[in-house]
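Look at the two complexes coming up: chain A is in both, with chain B in one and chain C in the other.
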Partner chain A sequence: MDGLLVAHGLNISFEIVVLALVSLGLAITLGLLGVLNLAHGEFVMIGAFSAFFVQSQGWPYLAAFPVAILACGAIGWPVEKFLIRPLYARPFDAILATWGLSLLLREMVEFFFGRGFNSVAQPIKGTVNILGADYPAFQIVVMLAAIALIATIVFWFLRSVTGRRIQAMVDNPDLAKAVGIPVDALARNTFVAGLCLAGISGVLLAPIVAVHPSMGIDYVLKSFFVLVVGGLGHILGLVIGSGVIGGAEATVSAIIDRTSGYSFVLILSLLFLWRRPNGLVAR
Partner chain B sequence: MNTQLKRREVLAGMAGGAALLSSPAVLRAAGNEAIKMGTFFSLTGPASLFGPTQTACTALAVDQINAMGGILGKQVEIVAGDGGLSPAEAAQAAIRMTLQDKVDFIVGSHNSAVRQSIIAAIKGRVPYVYTPLYEGGECAPNTYVTADTPQQQVKPALNALNEMYGTQKVYLIGNDYVWPQKLNERAKEYIAAFGGEIVGEEYAPLGPGNKFDDAVTRIRAAAPDLVFISLVGGDNVNFNRSFAGFGLDSSIRRLSVLLEELTLFGIGAENSDGLFSSMSYFTAVESPENDAFKSQYAAKFGADGPPLSMLGADAYSGTHCAAALLNAAGSNDASAVMSASNGLSYTTATGTAVMTNRHVNKDIYLAECNGVAFDIVKSFKGVAHGETCSV
Partner chain C sequence: MVWLLANATFAGAGLFLLQFVVDDFIAYTLALYFLYAIACLGVGLSWGQAGLLSLGQGLFVGVGAYLSGLSLIAFSDQWFLYPLLVSCCMVPGALGFGIGQLIFRGRTLNGAYFALITLGLVLLASLIATSWNSVTGGFNGLLGVPGLPGLDGFEHAYVISASALFVAILMVAWLLATPLGVLWRAVAEDERRVAYLGFDPNLLKSVALGLSGLLGGLAGVLYAPINNLVTPDLFGFALSTNFIIWAAIGGRATVYGPVLGAVGIGLLTVQLRETIDYWEIILAMIFMGTVLYFKWGLLGYVEPFIKQILIRSTAPLTPAPPRNPTGVGTLDIKGLELQVGQVRILNDLSLSIDAPGIYCLIGPNGAGKTTAFNAMTGELSAQSGQMSIMQSVVASPDARTLAQQGMGRKFQVPCVFDALSISENLSLALWTARIDRPALLGFEALQWTSVIRQELERRFPFLTERSRLVRDLSHGQRQVLDLAIVLCTEPRLILLDEPCAGLSKAETQDVIDTVQWAAASLGATAIIIEHDMALVKALADKVFVLHQGHLLAEGTVAEIQGNEKVKTVYGGGSK
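After this line comes the complex of A and B, so read on.
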């Protein structure tokens, strides 16, 4: 098989998988709780800075995962309690509140780590040859880890008791409360879990991209497009949305150039908002 | 009653006037307004990383200028604008700055799209000094460019790399706006002049960060000897990380034209093999003047000050240039400043520069990345700017 074709195929796959990974947390907070968390990208950033912090302390890369989960949890818990909970029924106010939160988090990280770019070394170096295409070994690992993570979450959500309770809460909070489901605690845990997933994706991406306080903006926008196209009704929406947005951008970029790829994504998202606001997989 | 009040006001006014007249020294100090310098540095947006060092270096220059008597005998006061705005917003800010704040001159370090809109907005009403490296060709009236031009920044570096490594086949990649596009037009001329060949050219949108896996894949297929990079900030970091991640750094050299200490730090030591940069300032430049500049900077801001880099050093030199221009012209009148500019010499971070055709001949350095530091591999003395603006 043609090495160039394989290489482009791998690039497109990587783009789709990374997009699904980054969107997973937003799919949970927006899809299940109805909170459009504009600070989502900042939690990806906090995850990336966890990896940078771990590296600067001389700890192994894997230590970044618990650090990121702790950091996102420690921030997410009070944020849910004091900022988000009063706004579950006021989605527009929640957008404004999380936008303010994103500014605050950016400034906080800037205060501790400075405004500049930071570099996280790749824990696995070198390339592997796949069907004639040299591809970075670490990006293969990221792809596999992301697929495993998404599959685990989906499986857990569909099969576990907690997953069922979340579905009950989403369908009818009052009824869920009446049958003894602790809705408040459940919503909090779901929200914090969404943030921690954003943090984990940040840890996985940190060795590949530029790590800096404003990096979050790169991720929240595309995640939002994914959910616009995919729809919020089902986890399938996340997968399909990532496939359409990531696939379209990577394919058009491969054939023409990046500017055309990005324009295509914008046009696609606009068309969906206009003609099909519930996305491909409606609730 | 009305007349009485009026008369009382007039009397009070006369008394006040007499009191002031009897103390002329006080009057002069109070009425002697500072000279206002408008600045457009990257306070927000993708280039905001460079803002703190631009602001700090300018503050150092203003301190020095004020200590030496100021500009036209007045102390300099800074009116800070944001060069990180969109071109349309920057134009509005520039109009406010000239009409409302009544600045006497402007110093700017921002992208070329913003420069064009500021020039259109102020219409040459006040002198405007533009300091960061750029694509060349800016001859708008009352506009003075202390920046590196392509003939200075790009031509010697491409020639030197071709002589050292035989980099005949070149791939061009940049962000999608005026600076990379016009710079690449010039670069193509220089490459053609030594018999080189362009094997690819592409642009990535300026804005949210891009991924470059597909670009790197195309570059591998095109098999160039050199990649000529005019990407900015985060995109420059992401591209170079992907480039090395795909293992191309061992076989293909890279020349980036907006690569200074801060960006290199983001690219990381393990991704900078075979990466070159060409500019008129690196902190690594060894000269008594640069040593003095660095120690003055350290004395003012201490160890925790914003890290020095080219865009800050350029803002420092540009501020000194503006002071020298107005002092030589004796006013900020456009025609007086224009004619004073030719042959004007002024202080820079690395010595003294001379302005001709509203551009500056200067020393240029080709540096190779060594981890996250620069090794100067070649110095080109007094490189001509090659611009032909009238004065």
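After this line comes the complex of A and C, so read on.
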């Protein structure tokens, strides 16, 4: 019984950590650039397909990370230049354009890889025993990697010169430009970095979930809920938001069923939009 | 009216003649895409008019289709089948209205959030449809749905959906031409301004979403008997995305754009999907190109011209009915405290006006002048203090109620409706506290005028160019139009925030004269924030000087100029 509880706890923690990682990428583009990128989930999907591609070529799993980063960068760079940049001033149209982009990416992946479900083998086999529960070793590694990644990015953002420049750009783009910060390049790099982060999340998730062209929708929606609940102001919001959304969905799904878990999260987000539109941790 | 007749003839003849041109298979395919076109008209209504981008139109189609499918299976031979099917259309309509009321209630919601909520809802519906096996048939859906009794032949499909599409087109053409349509377009552009004209933007948006749901529901209700099956695919995000793409490419703000998009692209897809593998990719790119460079879609650049030729705004204007009774333009503020973050903006502000006239509010930058206006109209809420506006105590002011009672406010930056014509801008103001619900759906109110409007048109002749779009006006003209909108509501308490900012000397004089004339002829109180002392001298019956959120002095211009405290503040001397 105890072991079962621990396993449940680990499952929920896993959901939360993964959600936080995926949401971080969305938070970067929405919070820093003001663009709600509806194609964010498709970059998670591209990351997952990178892992699938790498495996089908017989390369080692770790090779999927550079492949995913290259793929997301190669797509993200022109996307920023031709699609997003003209729309920074028209955020509402940016939603539409990224919705179109998500469709395009889905169709393109479908064109090359087909519509079906694929699976990626877990690179680390076996389980570890944690407090009496046998838990897949790979999922533990993913959790630790995700936490390390989030911590590194946040630390870097708060301490580095580039992080400061991004903060300046977000605060006042015109003034930032006037003091010599290359705002256009900075915005592009920030956007592409957010996409690459989604791609990396996809690589980490690929061995655990079903890999198919439409897998992204779920992630973008859930990440959005995380940002609604947590707010855009602070990394703490992201963590709390992921905790609330990931935790609530996993718990309710485990107790009742998936539909209830999803409905619960949706209703919760609606309540937040009414009562606390800035989220728990306001900017 | 001419417009409606033209629509009826065009759509009716087109749909009737089309069946003779095509073969049976295409006629049947067309029947299906006509239903999609009906749902797509709903997208045009909510998104193209009221600015609500719904990524979940499939929700309404699906709900309609499941309800209709279940009704047909259970009550196929009952006399009450047809009334039941009609109510199956109503349910998605009510659902749309209800969702609108829930989502929009209380707060002004960011458009992006609305889009994602609708996406979330349609995904939820999809989950329910696939998991609630006993009712929905799970993944397989409802199989073997019987056709409509008496109309269940293969050949009837075209007639049924063409007739439904005809009705839907007429309904949309009619709605778009009414004052309600104007209000929707105004809400899409500037919700806050609409509230300041005494309308409820949330109600307007909910109605648009409800009607959009009704059209989606109609499509779904007919989909079940024509296809003889209902699957959870209707709730899939792919179909909902298609509605957006069709409406965008066809022209979301027009009547025929969504129809052309749904039927045209739908048929193309049917033809090309087999031969060109990457057709869907091309379509996605066309959609993105439309969003970037061709915002209003194919017909968005054509239909307005045709409409203008058909209905020239030469119809004679008729006098508007008198507006609902208004209060007296008095104001009594006591001990108002307002703090935003760490900054205390209003500091024990007390101010009282008990007779109509022109009052100027002056003070250095940061004195709290605009904030005082914002506190009075509910933009910001004061932490403590009492306000009595137009003789009634107001605990939590809101712009819409105040506008209904006779308050008008002009913001510092001109807030006019760019996408609407001059006439529509002025009409919106004439409708404030005058138009009732039936008139919102008629055409008479579009031709209303009033003594005030006529006098304004005499003073500023550009206001008579009725069909000219406001986006083509100069800054000075926009300032004047904004003022004209405020005055056309015939307010008793007029708040003006630097009405002459950015105007030339001649324009400034015209505005001063107009404000004096309006205040006198309406018997209104005008409170004007102004920096230009020459203007203040010309206008003010009485001056209030604000300093650091507190009333520093009040009196006539001469008294203020002789006041030592005021001199210190403005002269930069020590406190």
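Observations on the structure shown:
The rule is simple: the second predicted complex is superposed on the first by the 278 of 283 C-alpha atoms of A that agree within 3 Å, B and C clash if a C-alpha of one lies under 4 Å from a C-alpha of the other, contacts with A are read in each partner's own complex, and residues count from 1 in each chain.
Just so we're on the same page, a residue touches a chain if its C-beta (ideal position, glycine included) is under 8 Å from a C-beta of that chain, and two chains touch if they have at least 3 such contacts.
From a predicted model like this one, the values you see are computed outputs, not experimental measurements.
Applying the stated clash criterion after superposition on chain A shows that chain B and chain C collide. Of the two partner chains placed by the overlay, chain B and chain C both lie in contact with A:258. Of the two partner chains placed by superposition, only chain C is touched by A:103; chain B is not. Contacts of A:188 after superposition: neither chain B nor chain C is touched. Of the two partner chains placed by the overlay, only chain B lies in contact with A:215; chain C stays clear of it. Within the superposed three-chain model, A:165 lies out of touch with both chain B and chain C [touch as defined at top]. Using the contact criterion defined above for the overlaid structures, shared-chain residue A:40 touches neither chain B nor chain C, since it reaches no partner.
By the touch criterion stated above, A:269 is placed in contact with chain C alone, chain B being left untouched. Put simply, of the chain C stretches 225-233, 315-323, 423-431 or 477-485, the part that bumps into chain B is 225-233.
Across the two superposed structures, the residue set of chain A contacted by chain B and also by chain C is 217-218, 221, 257-259, 262-263.
By the touch rule above, chain A contacts chain C in their complex via residues 36, 38, 82-83, 86-87, 91-93, 95-97, 99-101, 103-104, 107-108, 110-111, 217-218, 221, 224-225, 228, 257-259, 262-263, 266, 269-270, 273-274, 277. Residues 4, 7-8, 11, 14-15, 115-122, 125-127, 134-136, 138-139, 208-212, 214-215, 217-218, 221-222, 250, 253-254, 257-259, 262-263 of chain A are the ones that touch chain B when the two sit in their complex. Every residue of chain C that touches chain A in the complex is listed here, in rising order: 53, 55, 102-103, 105-107, 109-113, 115-117, 119-121, 123-124, 127-128, 131, 237, 241, 244-245, 248, 277-278, 280-281, 284-285, 287-288, 291-292, 295.
Interface residues of chain B facing chain A in the complex, by the touch rule stated above, are 48-49, 52, 176, 202-205, 207-211, 213-215, 217-218, 220-221, 234, 237-238, 241-242, 245-247, 262-263, 265-271, 307, 372.
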